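Beneath this line is the structure, given in structure tokens, with notes to follow.
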Amino acid sequence: MTPAPTLAARGVSKSFFGNPVLRDVSIALHPGRIHALLGENGAGKSTLINILSGALLPDEGVVEIDGRSFRGLNPRDAHRAGVAVVQQELGLTSQLSIAENIGLGALPRRYGLIDYRCLARRARAAMDLVGLDEDLATPVGDLPLGRRQMVEIAKALFREPRVLILDEPTSSLSAHEVETLTSLLDRLCAKNVAILYISHRLNEIMRVCQHVTVLKDGVVTADRSIEGVEAADLVRLMVGRDTGHLFPAWTPTTDRDPIVSVSGLSAGVLRNIDISIRRGEVLGVGGLVGQGQEDLLLSLYGALPASARTAEFNGRAKLPSSVRKANALGLAYVPADRKREGLHLIHNIGWNLMLPSFARAFGLSLRDRTKERALASALADRFTIKGDLTRQVQALSGGNQQKVALAKWTPAEPQVLLLNDPTRGVDVETKREIYALLRRLAGEGKAIVLSSSDTPELVHLCDRVAVMREGRIVATIEREALSEEAIVAASMGADLMRTAA
Amino acid sequence: MRSTETVRFPKFQRRTLLMSRPFLTVLIVAALWIAASFAKPGFGAFGHLRYLVELGAVVGLAAIGQTFVVIAGGIDLSVGAIITVSAVGVPLVSFAGDESGAFAALITLAAATVIGALNGIGVALLRAHPMIMTLAMATFLQGLLILLAGGSAVSAQSPLLEWLGSARPTGVPAGVLVWAVASTLSLIALHATPFGARVFALGANSLAATLSGVNVRSTTVAVYAISGLTAGMTGLLLLGMNGQGYVGIGDPYLLSSIAAVVLGGTSILGGSGTYAGSIPGAVLLVTITALITVVNASPGWRSILFGSLILALLLVSGRESRRR
Amino acid sequence: EAAAAAKCMKGDRKPPFTIGWADIYSVPTWMKETQGTIEKEVDELKKQGLVSKLVVTDARGDANTQIQQIQSMIDSNVDAIILIAGSSSAPGRVIADACAKGIAVINFDSLVDTDQVTAKINTDSEQWGASAAKFLIDAIGGKGKILVLNGPAGISVSDDRRKGAEPVLKANPNVTILAETNTAYNVAPAQEAVTNLLFAHPEIDGILSLGGALSAGAVLAFDKQGRKQVPITGENARQFLELWKAKSLKSWATMQPNWLGAFATYAAVQALTGKDVPAFVKIPLPIIDNSNIDQYLAKAKDFPADGYIYSPYDQKLFDELLAQK
Amino acid sequence: MSAAGSAPRLYWPAQRQRNRGVKGLLTVVAAFLALYAYLFPGLISVSGVAKFSQSWLPLVLVSMAQAILMLAGGVSLAIGAMVSLGAVIAATTMAGPLGVAGGAALVMVAGLVTGAACGIVVVRLGLPAIVVTLAASFIVGGAALLILPRPGGAIPAWLSDSLAGETPVAALLVILAVVLWKLYLATPLGLSLYAAGENSVAAYRAGVPVDSARIAAYAVSGLLSTCAGLFVAAQTGSGDPVIGEAFTLNSIAAAVLGGVGFLGGRGAMRGAVAGSLLLSVMINVMYFLGFPPVAHYIAQGLIIVGAVALPEFTARRSSP
């Protein structure tokens, strides 16, 4: 006989504009248990947690807190009842300090004013829990994505929740940060907090969680203890069929002449970088989060003012000085922060897919709608973006948004693809598709630069991995020597390697 | 692939049209006209409605550029000043050989376009906030007007301006014809060309637009240049209609151009909207002004009535959908 | 040793003087013309060694900025301030400060309410309204339906002119006011308003227009809509006078002469040099009617197309005006 | 303030961080103030400060009123009309039976209520702020005309003398306004402004009282505007129903000049205050430099663009 669930949904259904997203879903979160919620992109996970936390109202069904059912639950009530949600990457106010962000919505007060002393103390405690050592007063806008994610988590912990819901908390975290988080979850679990954990990284799920609910197309396909379940089983439950290996077979490419080579590159935090990118390879860029990986990609892409001693781009001896020039040289870039940098959320999917073409075309020519539709449909098919393309991109689930951000470059037939964490928030099945696509493109002689916080991805997919630390490339590891340990060691610094050796 | 196409791009639904802001705004204008002509006989006379559309043309022309700029995520606070400079500047560029006045008009329009482009350059290259840049430009132009105005003893009338101000080919005022042509061109540019798509991209998310290869600078300069051009056209039309340019002639059109754009459903935050809404938006504004004029009340009450009407119509014509 | 005769004067200021001209908004053509007469007068006074410098500020239509600029004039210790007030109430205190510091303050055109000035110079706005109403009522034969066009609401000039017309209108119960408008003193808004009113009122017998370029707008509106012109009052705007002639209107106009600026400058120097200057100089309203319109139009080309054709002036006229009690 | 100087330092360091965006502007403003003091040494005296701060105060107040709204993701075109409303209420009541206290209370209530009404319409009905406040400017302006159809009314002389006399009360009022703003921002409702302005959906989900924060911002903004009107009335000794008109655009200019963003959550109040100071001191500097009006216009345009563009230009761009 298990104790009563702290938070539960009973027979919840929800549809958007007539499209059912959740159908008769029930889920129960128990104290001291880490509960995994699994499903493909668009399965309805975020919608479900939005309902659980009062951000959305269900069409049918009820949310229960400690056995009491709520009809019109709103976020403030949910907070008061001890439910805290870690939204992914969206909840922070960039101008306010880390501490103020952590406290927002639950600020301690004295005489009606914010008690900054208390806030500082408690925020510091929450930050310590997640391993944030930044100054309390740092504006959140200054932080790289991964750190912001940690702030989000600290913000949830600040409220000392009884129920903690995490929506893909690890997708922008480095291996080290993931470690911190998992041990933290274990400790919370021991303190009888009920935890709901969403992730597309199955190995994490297998390691961290005790119970799993699988959603497929808005219906619960499994609700069971995780004991004795294989990762492959989970995938089958999510996808509805057997799938192959996550990573495609790696075949060495023969075409090895560099398409881009730069020496002495300086830009943003980058200091004197030498790099060459070869046709037909996937060049990984690894390291702890925020060591200059993004600046490297942006400066190659002409989006960041940069200088270099020598540069050779597809036969042209100069760094591209603008994005347009980079595009003309055959470069394309897929940003990590798809909502801010990659997509136009208020515009529809088809339009987003066509935007690079609009950017290239002669401005005052007439658009050919028929051709646009055919092209957009073909792209959507190829990247398995389902459904109506006239919907706004913001109505897509996170993973599907990422597919749009990738797919839109295909018509430009880029020679060099600069990818900044392209599989963040993407479900296994889509990941598999993306990986296969990348290898296929490499096989066609394209050059691919893959910056990733997901170390296994670097190990299994790349021909070489450049590891960055403090704006420099500290090691370039060839295929033969590639392993997670090697990458982590290089990213933690030469000193560590020496002591390790 | 027919079937996927219809799934991907479902047939246009009639409800979508009926719920669209431009259409609602048209309905409101129509309703207002009908109601007013019952209340005030004479208001709904053909001649009067025609006159209202003619007045709408003035606001509407200025709103063309404003729509482009607002969709691109900016705002142009210099339209009033550009209108005035164009109207006042024509005599200065008139010369003896130019019988029809066409050259003077062309030079004026070119100058207005250049002024607009300068706004764009300030916004794109100096990274000055659009409000600051265009406000500063309006200030410059005021200074220019001190030099220009009052010095010209030349009358500005020319056959072209005469035609603009009073001709009615086939019963349609010339200004309305010009407006119709300009509107058609703008709608095409906005919705049927890659340039238009870039304007929307810029306004919705300029960072993502840059990273998608959109030339943000040239697009920015272009939209402000368009705004300068249409403000110049407004100036010429006003000059024709009033027989005389004067300092301050453009002032009322700054706020009304913005109001027409927003009443027509274009988001002031940029990235979404259509000029198709600004057209009825412009007519709506002049209609309200006309209504207020024929109502007998003290200035205070008239002002209150005007504000309340705008508010009430805004309530009907729809709400700004929340972003993000 | 000059006696300090005029108000505010302490007799401690020696020529050549610095004159501060606190303009409310220098861009409109009427203001530009006024500025022209001031500069001409200053040049004249410079030749006589009485004035050394003219300092001009432009408040861009904002009464608060004007206060700030007058304060700067006091800070820089100008000898005289001539001003058109942006608000009849707002600059009162700062002007009183200037007066207390022995600066000659001459206020013309738009007047302030305070009496802490050396002199105020203006035509009589109420008389303006009354004369205009009288003319119109005579012109329409003492009865009929009229429109009243007035300047912006909330400012004292337009309010005073309307107030002046009121008793005359009251005394003629057969004259009905169909509608009243308040717009800027400009052609376009007046034309727009009158056109709208034309459709609402099939019968209009006359238009009482209280200044600026409103009348030109009204005439254009009648013309464009093919309505027969009606008797109309107006001001000396060149465009209106030309339309008057071209359309053979039954009309009457008066003016706010631009040379008030020159006169204010002259009066300031008179006060500074110890002469007596009356606290209020009432400028008789010059009248334009069919008898003298041709004289005005003959001078038209000397004036801007959107400007005002003002009556002639000279120093003799100024001296006479200052001598009146 | 209870907040200051806490053990793990937070309040002041966080404040300091917010200075970064306005450093360039602050330098420009300081340079202009120095130039002004050089051109007019009389500035550095009690009455010099008094007079200058009197002309600056109304602009500071309206710039703050505008900046609050812009931080909350709104904007107001009704600021000028609200100033006029404040002025006419003050001028019609203070010399009457209500007295100064009653009149001042009425001015404040009018500002709070009108502001809140605007806020409720914008926030609850989801209408675009720019048109709602445009409509409000006509309604409020009309009300001001009804209360006082032409300039007039009166403010008791002692009040005018104490607020706008030879003592720098206005400078103290600027300080008071800034301190009150700091206090407001140190309340949960005040701080929520930033979150509500930057990303209202996320803020709502995080339990931030988004709607109340925004409506409160409109109310505070209205209060500041009518108080500016009260001061203008006191400064001039009377009321004028159209005295505020120029403040609408000036307030926007000052706020944007100060780096307050149009989309909400960007910038800081100190920027808006500095922006208004620049706009105000510029007028005096140009006077003492002996510029003719044409040069005023040109220089003003250049200074405004320069003050925004220069820091932007020199700052190294660290993001694309």
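Per-chain numbering from 1; labels A, B, C and D assigned in written order.
Here is the rule we use: contacts are C-beta pairs under 8 Å (C-beta built on N, C-alpha and C of every residue); 3 or more make two chains touch, one makes a residue touch a chain.
Because the structure is a prediction, the values reported are computed rather than measured.
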Far-end chain from chain B, centres as C-alpha averages: A
Distance from chain B to chain A - Cα centre to Cα centre, in angstrom: 43
Where chain B and chain C are represented by their mean Cα positions, the distance between them in whole Å: 34
Chain centre separation in whole Å, for chain D relative to chain A (CA means): 42
Touching two or more other chains - residues of chain A: 90, 303, 323
Residues within chain B bordering two or more other chains: 142, 146, 207, 210-211, 299-300, 302-303, 324
Contacts with two or more other chains, residues of chain C listed in rising order: 26, 60, 153-154
Which chain pairs touch, all of them: A-B, A-D, B-C, B-D, C-D
Interface residues, chain C side, partner chain D - complex: 23, 26, 55-58, 60-65, 67-69, 71-73, 75-76, 87-93, 113, 152-156, 159
Touching residues (chain side chain C, partner chain B) in the complex: 26-29, 32-33, 36, 60, 153-154, 179-182, 184, 186-189, 191-193, 195-197, 199-202, 213, 216-217, 220, 224-225, 239, 301-307
Chain D-facing residues of chain A, complex: 50, 53, 55, 75-76, 78-79, 85, 87, 90-97, 99-100, 104-107, 109-117, 119-121, 123-124, 135-139, 155, 268, 298, 303-305, 323
In the complex with chain A, residue positions of chain D that touch it: 1-4, 6-11, 13-14, 16-18, 183, 186-188, 191-192, 194-195, 198-199, 201-209, 265-268, 317-320
Contact footprint of chain C on chain D as seen in their complex: 40, 42, 48, 51, 55, 58-59, 91, 144-145, 149-153, 160, 164, 232, 235-243, 245-247, 250, 280, 283-284, 287-288, 290, 292-293, 296-297
